[in-house]
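Note that chain A is present in both complexes that follow, paired respectively with chain B and with chain C.
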Partner chain A sequence: MSTSPTSVLALLLAGPLQAWGAASRFSRRTTESAPTKSGVIGLLAAAAGIARDDDAALAVLAALRFGVRIDQPGTRIRDFHKAMHPVTGKTMPLTERFYLADAVFVAAVEGDHALLERLDAALRSPVYPPFLGRRSCPPATRVDLGLHRDAVLEDVLRTVAWQASPWYRRRHHHPETGQLTVLREKQPGEDTPADTLCDQPLSYSPAQRRHALRSVVTDRVRPPRESAHHDPFDAFSEDDDL
Partner chain B sequence: MNRFFLDLHALQTVPPSNLNRDDTGAPKTAVYGGTPRARVSSQAWKRAIRTYFRDQHLLDESELGVRTKKIVELLADRIHGLDTSLAGAEALRIADQTVQATGLKTEVPKRKADQAKDGEPEPAPEAKYLVFLSARQLDGLARLAVEGAGDIAGFFRDKKNKARAKEIADSRHSVDIALFGRMVADVADIGVDAAVQVAHAISVHRAETEADYFTAVDDENRDEETGAGMIGTVDFNSATLYRYAALGIHQLSANLGQGLREDEPRTEPVRRAVEAFVHSFISSLPTGKINTFGHHTLPDAVIVTLRTSRPVSFVSAFEDPVRSESSGHVREACERLAAYVPDIERAYGEGDAAPTWVLRVGPNTQKLAGLGTEADSLGALVTAVGQAVADRLDKPA
Partner chain C sequence: MFLTRFRLNTARHGSRRLLSSPQAMHAAVMSSFPGVLPTTAPAADAPRTLWRLDERARAEVILYLVSPDRPDLTHLVEQAGWPAVATPDDPGWQTRPYQPFLDRLTAGQHWAFRLTANPVHTIRRKEGEPRKLTAHLTHRHQMGWLLDEERQKRAGFRIAEKPAGRRTLPGGTTHKGHPHHGDRYELSLNDTRSLSFSKSRPGGGNRSRVTLVTATFEGRLEITDPDLLRRTLTHGIGRARAYGCGLLTLAPAPKPARQEAR
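Up next is the complex of A and B:
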C-alpha cells in the first residue's frame, strides 16, 4: 500500500441526456443509474488523446481509484430507434436505447498528482471532446470541477458542494436532511461489503473491448450546500404552476 | 497538430409536427430542468444532414460513401464496369476475394442460401456488418480486383497486394464517414471515429404532446348515412428547438487526409467538408410525417464559433424553461442566449479570441446581433466559416 500523497480530480457530469452502459449488448442499450468507471476513464482518455487501441496508456488511467456522487438522479427515458438501410431502404433491427434525463453527478478519480494535473489540463483543451456516455450527449457545463492536492476520494466527494440544478434544489427544500449516494471503489486494505460491476476498462479497442469486474462500495454523504448561491428571485419561483 | 472545434447552435421553431416518433407514434420527448420537452434524436437529425448534402449535391458524388452489407455486389458491379468480360458469378467471386483481402469477413446469408437450394443462382456473400465505404474506395478496390482477376486467390496470397487492398480501404474516406464515423466491429484498422458530435435537439420551453383526432370521408360512399371512412389520432407537438453540434476540425482533418489533387490547396477537402456540414446542419430537417404537417422551417438564428479549447454547448441557458406563452418563444430564447453566451465565454471560453458568426432572421432575434460577425445569408456564412477553417489549418502549429 502506497503512502505517498495522492490527489483527486473532480468532474461535473451534467447535461440533458446521459447514458452509462455497463452491460449493453445487441439491440437493447441500457444505462446504469450513475456514471460507470469505464465511461469516465474513457472521457479522460479521449480528452488526453489516447488512441482506442493503446491499452498500455489506458492502464495508467484505469488504475486511478474512482467514485461518483449522485447529486441529482434524473429520470430514465427509453428511446426507440429505427435505422433504415440507405441503399435498399429496408428497416434494420429496431433498437432500444435508455438515457438518464436531467441528471447531475460529481465523479472523482484519485491518484498521482502529476497525472491528474495533465488530465485536468486535457479536459480544458481536449483532443476528442467529452461526452456523457454516448456521443450524442455533450455535457451542458464545463466538466472539470477542480484538482484537490493531497486529498482522499472520500473527502472530496463529501466536501464538494451539492451541484444539483436550482430548480431541483427548490423542489427538494430540505437537502440537509437528505443524503446523497456515493458509489466508490474500496480503499486498499478496506474490508467493507461491496457490490461488483463489470466496468473496469481493460481495452477500448473496437476489435476487442474488454472490461473486468470491480468492487463498488455504497456510502451516504451529506455535502454542504453551495454557500455562494443566493438568488433573491428563488422566492418568486414559478415552479409551482409548472 | 492544431486542435480546434467548430460549435454550431441553432434556434428553430417547428409548427405542430411529429419529426421523430417513438414506437407508439408519439413525438420523442425528454425531461430537462424538471419539465417535459420536445426532443428530436441526434440520429434522426444526423440522417437528415447526410441525406441533405447528398440530395443537394453539396459535394461531388465521388466524395461520398455508402453504408451497406452488400459490398460484394457493389464491387462486382464496378469490376464489370471496368472490364465487361468479368460478369455474373465470376465478378462476384473476384469481388468477394478482394473484400476479404481488406480484412472484412463475408458470408452468404443463411436465409438466402436456403432459398438458393431450389435451383436459383448462388446468392452474393455479404459483409457481416454494415460497412461504410466511399465511392473512391470502391473504385480503387475494383481496379485492384481487375488487375488480379486472372488468378485472384494467388494475387492476394502476395502480401504486398493484400496490403494494397487494406490501404485502399483505409484511405480516401468519404466525407460522411469522416464526419459521422464508421463502426466495423471486426476490422479495427478501418474503423473511423466520428469527427462530429450532434446533440439531441430539445425544446427551449415546456412542451406537451397533443393528439389530433381525425376522420376521413370515403368519397365513393353513396349511402345516405355517410359516416367516416376511417378515424384515428395523430400525436404531435410544436416547439422552438435548441440544436447543437460540435465538429472536431483536427479529427476531421485526420480522417479525411490531405488534398488528393495537385491543383488544389491541401486544406481543400476539409474546407469542403466543413462547408457541406455547416450548410446541411442549418438547412436539413427530419422528414417524419412531413406530408401530414408540412413543417418546412429554417432556423430563426444560428451561431457558429471556432474555438481552440473545448466545445461549449449553450443548452444550460434553457435549463430553466422559456415561459413566454403569448408571444412565442424565439424572442425570449434569443434574450437568454444574448445574456448567457458572453457570461460563459468570459468564465470559461476564449472571449474575443474565438471567431463567432451569427445568422439571424427577424426582429425577435435582434439581441443576438452583438454576439459575432453578422452574416447576411447562409451562403455568406458558409463561405466565411470555410475560409476561416482553411486559414487556421494553414497556420503553422
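Up next is the complex of A and C:
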C-alpha cells in the first residue's frame, strides 16, 4: 500500500449507446452492466496517444486503481447486426451486439498526481477521440469530470454529484431508498468479499489482446445532492438581524 | 429593504392556484404589505417588490421576495403553507433586513447568482412596421441577452469568464463559428418556460391572455459598480417584474467545479 498522497481523476461516461464487453467472443458481443476497467483505461490510453502494442506504457495506466458508480443504469438492447464488406461486397458474419442505451456512469481512477494531471489534460485535447466501449458509441458530453488532489477513490465516488438525467433523478429521487451501486477495485490488503472480472488490461495489441483477473467490491452509496444549491440567506451574517 | 423566503406546501390546493398563475401569485405577494393599497401609485424610480419562485424539486418550491417594507405572509401560510405548525417565533416564513448585506458589497467581489428573467427584444419584420416586442427563444439568444455589454454595465456586474483549462472548445466558437456563451462564461441556463395565463381585467370585463417566456440563469459574477448593483438587486432586471421575473439574488460563490484541493 503506497503511503504518498494519491489523486483521483473522475470521468463522466454518458451517451446514447455504450457497450462494455468483458467476456464476449465470436459473433455474440455482450456488454457488462457497468464500464470495464479495460474499456476505461483504453479510453485514457487513446486520449494520451499510446499505441495499441505499447504494453510498457499501458502497464503504467493499468496500475491505477479503478472504480465506477452506476448513476443511471440504462436499458440493455440487442442489435441483430448484418453488414456487407464495403470493398469486396461479401456478407460479413451475422453478429448479435448488445448495448446499454441511455446509461450514465461516473468512473474514477486513483494514482499518482502527475500522471493523472497529464491524463486530464489529454482528455481535453485527445490524440484519439474517446468512445464508450465500442468505436460506434461516442460520448454525449465531455468526459472529464475533474481532478481531485490528495483524494481517495471511495470518497470521490461518494461525493461527485449525481449525474443522471433530470427525468431519471425526478423519478428516482427518494433519498432514503434510492442508492447507487459502486463497483470498485479492492484496496491492497483489504479483506472484503469480492467478485472477479477478467478486465485488467495487459495488452491491447491487435494480434493478441490479453486481460487478467481483477477483484471487484460492490458498495452502495446515497446519491449525492447536486451542487447547484443557491440560497441568498447564506450570504447573511448572524448580526444582520434587527 | 427586506429579503423574505417562504416555502410552499405543494400538496395544497391553494399552492396549485398560486403556482398556475403568476398573476395570482403577484396579487398574493402584493397583499403582504399593509401599507400598499391597490390605488397607491409607486413613486417613480422607487425600489419595488420583486419575487421569484425557485423550484428545485416537485415538493421543494421556495418563494423569494425582495421588498421595501417588511411583509406579512400570514395569508400565504394559511392558503399554501403549514399553518398548524406556525408559532410566533417561526410564522412559516423568514424575513431578514437586506441593507446590511447590500452595504457590504464592494467592487471586485465574486458571487454566485441566480436570476429568472424575461429576455425580450424588439423587432421590425418589414420596413415601415412599428417595432414589436418579441421574446428570445433559444439558449444562445437568451444568454446573449444577459451578456449584453450595456446591460451588464448598467446592472453593475460582469459575468465571470471560465479559466481556459475548463473550456471545451479550443477555438472559442462552435464549428459553425457561433460564440458559445456556456463554454466561455460561468453561466448556465437551467430552466426556460413559456407561461400563458389569463389576466382578469378590472370590472370583470373580457379576460385577455398573457404569454411570457422566462429563463433562469445561474452562474458567477464579479461586481464592477456596487451602487449600480445595489440598484439592480432592489429594482430588478428586465421586464415582467410583476410576474416573477427580474429578481437577482446573490449567494456565496461555491468552489469551482474543478476542485484541486480538498
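Quick notes on this structure:
Heads up, the rule we're going with is that the second predicted complex is superposed on the first by the 215 of 242 C-alpha atoms of A that agree within 3 Å, B and C clash if a C-alpha of one lies under 4 Å from a C-alpha of the other, contacts with A are read in each partner's own complex, and residues count from 1 in each chain.
Here is the rule we use: a residue touches a chain if its C-beta (ideal position, glycine included) is under 8 Å from a C-beta of that chain, and two chains touch if they have at least 3 such contacts.
Because the structure is a prediction, the values reported are computed rather than measured.
Legend: residue contacts after superposition of the two complexes on their common chain; A:142 is shown touching both chain B and chain C. In the superposition on chain A, contact of A:165 is made with chain B only, not with chain C.
Within the superposed three-chain model, A:217 lies out of touch with both chain B and chain C [touch as defined at top]. After overlaying the two complexes on the shared chain, residue contacts for A:124 are found with chain B and with chain C alike.
When both complexes are overlaid on chain A, the residue A:150 reaches chain C alone and has no touch with chain B.
In the overlay built on the shared chain, the residue A:194 is in contact with neither chain B nor chain C. Counted by residues of chain A touched, the larger count belongs to B, out of chain B and chain C.
In the superposed model, A:15 makes contact with chain B only, not with chain C.
Of the residues of chain A, those at positions 124-125, 142, 239, 242 touch chain B in one of the two structures and chain C in the other. By the touch criterion given at the top, residues 15-17, 52-53, 74-75, 77-81, 83-88, 92, 94, 99, 101-102, 123-131, 135-142, 165-168, 171, 205-207, 238-239, 242 of chain A touch chain B in their complex.
By the touch criterion stated above, chain C contacts chain A in their complex at residues 3, 5, 54, 57-58, 64, 94, 96-97, 100-101, 111-112, 114, 165, 168, 170, 190, 218, 249-252, 254, 257-262. Contacts from chain A toward chain C in the complex involve residues 124-125, 142, 146-151, 170, 173, 227-237, 239-242. On the chain B side of its complex with chain A, the touching residues are 3, 5, 22-23, 28-35, 37, 41-43, 47, 66-68, 70, 130, 183-188, 191, 193-194, 197-200, 202, 206, 244, 246, 248, 250-251, 308-311, 313, 315-316, 319-321, 323, 348.
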